[in-house]
Amino acid sequence: MTRSTQLSLSEAIATHVEDGDVVALEGFTHLIPFAAGHEIIRQGRRDLTVVRMTPDVIYDQLIGMGCVARMIFSYGGNPGVGSLHRMRDAVENDWPASIDLIEHSHAGLANAYVAGASRLPFGVLKGYAGTDLEERGRQSGAIAFVECPFTGQRLSAVRAINPDVTVIHAQQADRDGNVMLWGLTGVQKEAVLAADRAIVTVEEIVDELAPRPHAIVLPSWVVTAVAHVPNGAWPSYAHDYSKRDNRFYAAWDEIARDRERFRAWMEEHVLSASGDTATVGGEP
Amino acid sequence: MSEQRDGAPTPEETMTIVAAREVRDRQVLLVGVGPPNAAANLARRLHAPDCVLVYESGAIEAKPVRLPLSIGDDDLAETAAELVSVPEMLNYWVGAGRIDVGFLGAAQIDRFCNINTTVIGAYDDPKVRLPGAGGAPEIAAASREVIVVVRQSKRSFVEKLDFVTSIGHGDGSGTRERLNFSGAGPTVVITDLGVLRPGPDGELELAAIHPGVDVEQVRESTGWPLRVRDVVEATEPPSERELHTLREMRAAVRSAA
Amino acid sequence: MTRSTQLSLSEAIATHVEDGDVVALEGFTHLIPFAAGHEIIRQGRRDLTVVRMTPDVIYDQLIGMGCVARMIFSYGGNPGVGSLHRMRDAVENDWPASIDLIEHSHAGLANAYVAGASRLPFGVLKGYAGTDLEERGRQSGAIAFVECPFTGQRLSAVRAINPDVTVIHAQQADRDGNVMLWGLTGVQKEAVLAADRAIVTVEEIVDELAPRPHAIVLPSWVVTAVAHVPNGAWPSYAHDYSKRDNRFYAAWDEIARDRERFRAWMEEHVLSASGDTATVGGEP
Amino acid sequence: MSEQRDGAPTPEETMTIVAAREVRDRQVLLVGVGPPNAAANLARRLHAPDCVLVYESGAIEAKPVRLPLSIGDDDLAETAAELVSVPEMLNYWVGAGRIDVGFLGAAQIDRFCNINTTVIGAYDDPKVRLPGAGGAPEIAAASREVIVVVRQSKRSFVEKLDFVTSIGHGDGSGTRERLNFSGAGPTVVITDLGVLRPGPDGELELAAIHPGVDVEQVRESTGWPLRVRDVVEATEPPSERELHTLREMRAAVRSAA
C-alpha cells in the first residue's frame, strides 16, 4: 500500500488531473469541492468527462468555462433556486461548446458508483422500467436490462463508473494522510473507492482523527493526495466548519444567466485568484 | 415562493396548504425541495406532528427547526435520528419501499400522472433543458403513495410528454403491475387550481376546486379533455392557522438566509 | 408507519416466531442474540430455516435441540476453537434429525441480505466462479450465473434472503423503540431491513440515544418488538457492556462433543431457566 | 496452539514464524483466526510495524494490543482506524481487490493450491463436516497474493479435493485468467515441514525445508508426486527474538482468557 501525499491544491490538480480524464467531484448537497473545481478551471483542463449526481454550481462553472466534453449526472439544477444556466446554454445552444449528456436517476448513478467501488462491471436496480431514461441509457450504453436468474423478473443494470480521478472535500486529514468527513457523507466513499486516483481537499490537518458520530474515515492508502484548503467547499459548506452560502446560490442564478456576466465573475473571482486557496465570499 | 405576508392566500399558498392536508400523522414522507418541502414541514407543524421526514441526502427522521433551503441543510443532519449514505438511502429505504408518501413536482404531467422533468422539446435539441430525474423515478415506482404538486396550465398538463422521466400509471392498462412496481403510484395531484385524483384506470379526474376557481378554468388549463367527477368538491379555504403557520415558516427562512 | 412495541422476551418470541419460519439470528462475532435463541429453544419451535453467516454456538444449540430443518450459512465453526459438534452430528449422523444445508461464502450470504434489504430478487458478486459451492448452489437454487449486459463477463448471482423474522441484540433502545448498536455492527442492518418482522433484545432502555462513533440507529418503525434483556448476548458480548466469554467458547467444545452432556447442559442452563432473562456464566 | 514456553521451536511455531517472514512492511493483510492471525500479528511486532491489518468483521487498520482470540474481539473495534459493515468489507475492500495479502488455511489442498474447507468425504454423506467457506473464496479470488498456512500430511495434501471451496490455480491452464480473478492467487504455501511455491503453471514445488526435515519426509507427506526444485533452500531457523515474541504474544492471550 502507498499512503497519500500532502500537496498544494495546484500541485495536486497539476499532477493528478489530465485533459480527457473522467473526473468525479462528489459531495451530495454538502462538502462540494469547489476550490478544487476552480483550480481545474484555472489550469485550463479540457475534454473532461465530469461525473456528479448533482452537478450544482460547480459543474455549471466548469461547463461554462469550456472544460467539459461530457457529463454523467442525475440532477442538474441549482438546489432550491432553479436552473443551471451555463449547463442549459451548453445543451440548448452549444455555448461555449456542445456537451454530451449521460443521465441517470439518483439511484442509477449511486449504484454505478457502488459497482465501481466493488470493482463489479454493473449494478442492479428496480427503477427506470418504462421510462425514456432507460431508452436513452440503452443507446448510450449506460443502462441495460438484466433478468433475475431466479425469478425471471426484468430489472435494470447500470454500467459501473470508475473515474480516473475523484475529488472530494473533507473536514480533516491527519499527518499520515488519513481523511475523515462527517455529517451528510453522500456518495463520497463510493466515488473515492471507484476511482484510480483520489484527491481530497480538507478544512484542517490535525494530529489525530478523533472518532465521532456519523463520520467516515478513508485510510491514507486509498487516497492519492491531500491538500489543505480551508473553506474549500464555499459556497457549499463543511459541517462544523462553515455554513452554506444560500445567498450566493441565489445570486448565481443572475450571474449565470448572462454569458458576459458569467465570464466577468469567473475572471475576477477564479481565474485571477491564487491556485492554493479557496474562493470565498465572491458575491458581486 | 410567495412574498405575501398577510391578506388572502395566493394560489401557490393554497396549493401548499392543500398538499399539507393530504399528509396523515405517523406517515414516512420523502421530502424534496420546493413546495413539497413546505407542505411536509407545514403538516408536521399542524396536524401531523409525528410524521417522519426522510431526505434523499441521507437524513432519516429529521426534525428541522427551520424550513430547509436545500435537502443538504446542516439542520437536517443535526436533528436526524440517523444519517446514512446516499446509496443506502436509495437502495435500503427508497427503493425498498419504506416510504409511505413521496412528493413529486413536474414540468409536464399527462392524464395518467406520468411525469417529465428532463426536457421540453426534442431530447437532442431541447427548447428547455430541465434538471433531470433526481430521485423521482424510484420515488414514483416504490413509494406506497405519491403526491404530485404542480401548477396547472396547458403547458404543464399535456396530451403527450416530451420525455417520460417517471412513471405514474403508464398507459392506464395495468402498467405498474407489469413493471413490478411495489407502490400504488400517484394517488393525488394538487395544483394551484384544484385537486385531481386518478380514477380506477389511473386517469386523472377533477375531484375538487380551490376557492375562486371554476371547473371551466381547470378544463382550460388542461391539455387534454379533462374528466370531471360528478360531484366536484369545494376545497376548504386555508384557515387562519394554516396560512399564518406557512407564512411564519417562510418568513423565518428569509430572515435567516 | 408503526413503531415497535416493548415486550418481554418470551412474549416477543411467542408472538413473532412461528414453527416453520425462516429465522435469522444475526450478529457477526459480536452482539450474538443468545438469550433470544435460548427462548426459541424453550418454546420448542420446530422446522425452522435458520440463517446466519456464522452459525456459532447459538445454532449448534438450536440444531442439537431439534429446532432446525434447514440452515443457510457461510461459516459453521466455533471461532478460535474448532468444530460445532452438534452441527456436525446432525449433518454426519442425522442426530437428533437430519438438516438441509444451503451454504454460501461470506460475500455470497452478505449480498443475499443486501438484496433482501433492497427488496431486489438477487445480488451480484465475483466470487464462486469455478468452485463446487457454485455447483451446489445452482442445485439448491441459491446461486446462479448472470452475464454482465455491458461486458459479457460471467458473474455469480445469489438469491435474496428475506427472513420471516430477524432477531438481533443491541446495546440500547429508547422509549420510542428506536434501537442503537455500535462497535462491529456486522450485517445486522441488512438482516433487519430484509425481514418481515424484527425482534431486538437490548442491554439497556435509555431516555435518549446519544449519537456516538461507529453506531447505527434502526428507527422504531423498522423494528417490530424490543425486549430488555441485559447480558442477552452471553457468551458473545456487547461492546461497552460486557466481554466475550472466551472460556465458555472453549468449554463448549467439550460440552457439545457428547450428546448426553449437551442435553444435560441445555436442560440445566436453558430449559429450566426463566424465559425473560439471559443465561449467563453457565460454564459447568 | 503450542503450549511450549521455552526450548526449541515446535513445528507449529516454525510454521507461524516462517509465515510471518513472508509479510513485507506496509502490506495490507486480511487476517483470520488461527495461525494466520498469529503470523500477521507477529510480523507487525517484528519486521513489518506498518503493515495494515484488516479483519473480515469490519475492522480496518486494527492495532490490537493483544493477539485477538476471535476476529470480533473488542480490542479490534477499539483500535481500528475505521469500522465498516460486513457487506461493505466484503464488497468494497476484499472483493474489490484492496487486500495485498490474504492468509488462508485448508483442510485439503491440491497441487494447484485449490482448497477444501467444506467436507471430507461425499458432500451428501460426509465423513467430516468442516466449517465451510467463510471469506475464503473471495480472498482467494481477489487478494493480490495469498499465503496458505497448513500442516502437511497425506490427508491434507491430496491428489483430488473432496470439495473445491476456493480456487487457487485451478487446473494449471490459466484458470484464474479465464475466471477473471484480479489477484495472483496463492504465491506460497507454508507448512510445518517446509515452504512450497507454485511454478509457472501454478503447480506447487518444494522450495525450502525447515530445520530437521528432509525432502523425502516432505514427499511422503504429500498425496501426489511432489515437484522438488533443483535447489531446495534450508529455512533459516526461528531466531531467539522471533520465538520469544511469538511465545510472549500467546502467553499474554492465555493469561487474559
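Think of it as A, B, C and D in the order they're written, each chain with its own count starting at 1.
Basically, contacts are C-beta pairs under 8 Å (C-beta built on N, C-alpha and C of every residue); 3 or more make two chains touch, one makes a residue touch a chain.
Just so it is clear, the structure is predicted and the values come from calculations on it, not from any experiment.
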Winner on C-beta contact pairs when A-B is weighed against B-C: A-B
Geometric centre distance via CA averages, chain C-chain B, whole Å: 41
Euclidean distance of C-alpha centroids - chain C vs chain D, Å: 28
In chain B, residues with contacts to at least two other chains: 91, 95
Multi-partner residues of chain C (at least 2 other chains): 114, 119-120, 125-126, 153, 189-190, 214
Which chain pairs touch, all of them: A-B, A-C, A-D, B-C, C-D
Parts of chain A lying in touch with chain D, wherever the complex brings them together: 1-2, 114, 117-120, 178, 189-190, 193, 209, 216-219, 221-222
Chain A-touching residues of chain B, taken from the complex the two chains share: 33-34, 56-59, 69-74, 76-77, 83, 85-87, 90-91, 94-95, 118, 123, 126-138, 141-142, 163-167, 170, 175, 179-181, 257
Of chain C, residues touching chain D in the complex: 28-30, 53-54, 73-77, 79-80, 83-84, 87-88, 91-92, 103-108, 110-111, 113-114, 125-133, 136, 153-154, 183-187, 189-190, 214, 236-237, 239, 243-244, 246-247, 249-250
Contact footprint of chain C on chain B as seen in their complex: 26-28, 52, 60-61, 81-82, 91-92, 95-98, 100, 182
Contact set on chain C toward chain A in their complex: 119-126, 141, 144-146, 148-151, 153, 155, 157, 159, 211-215
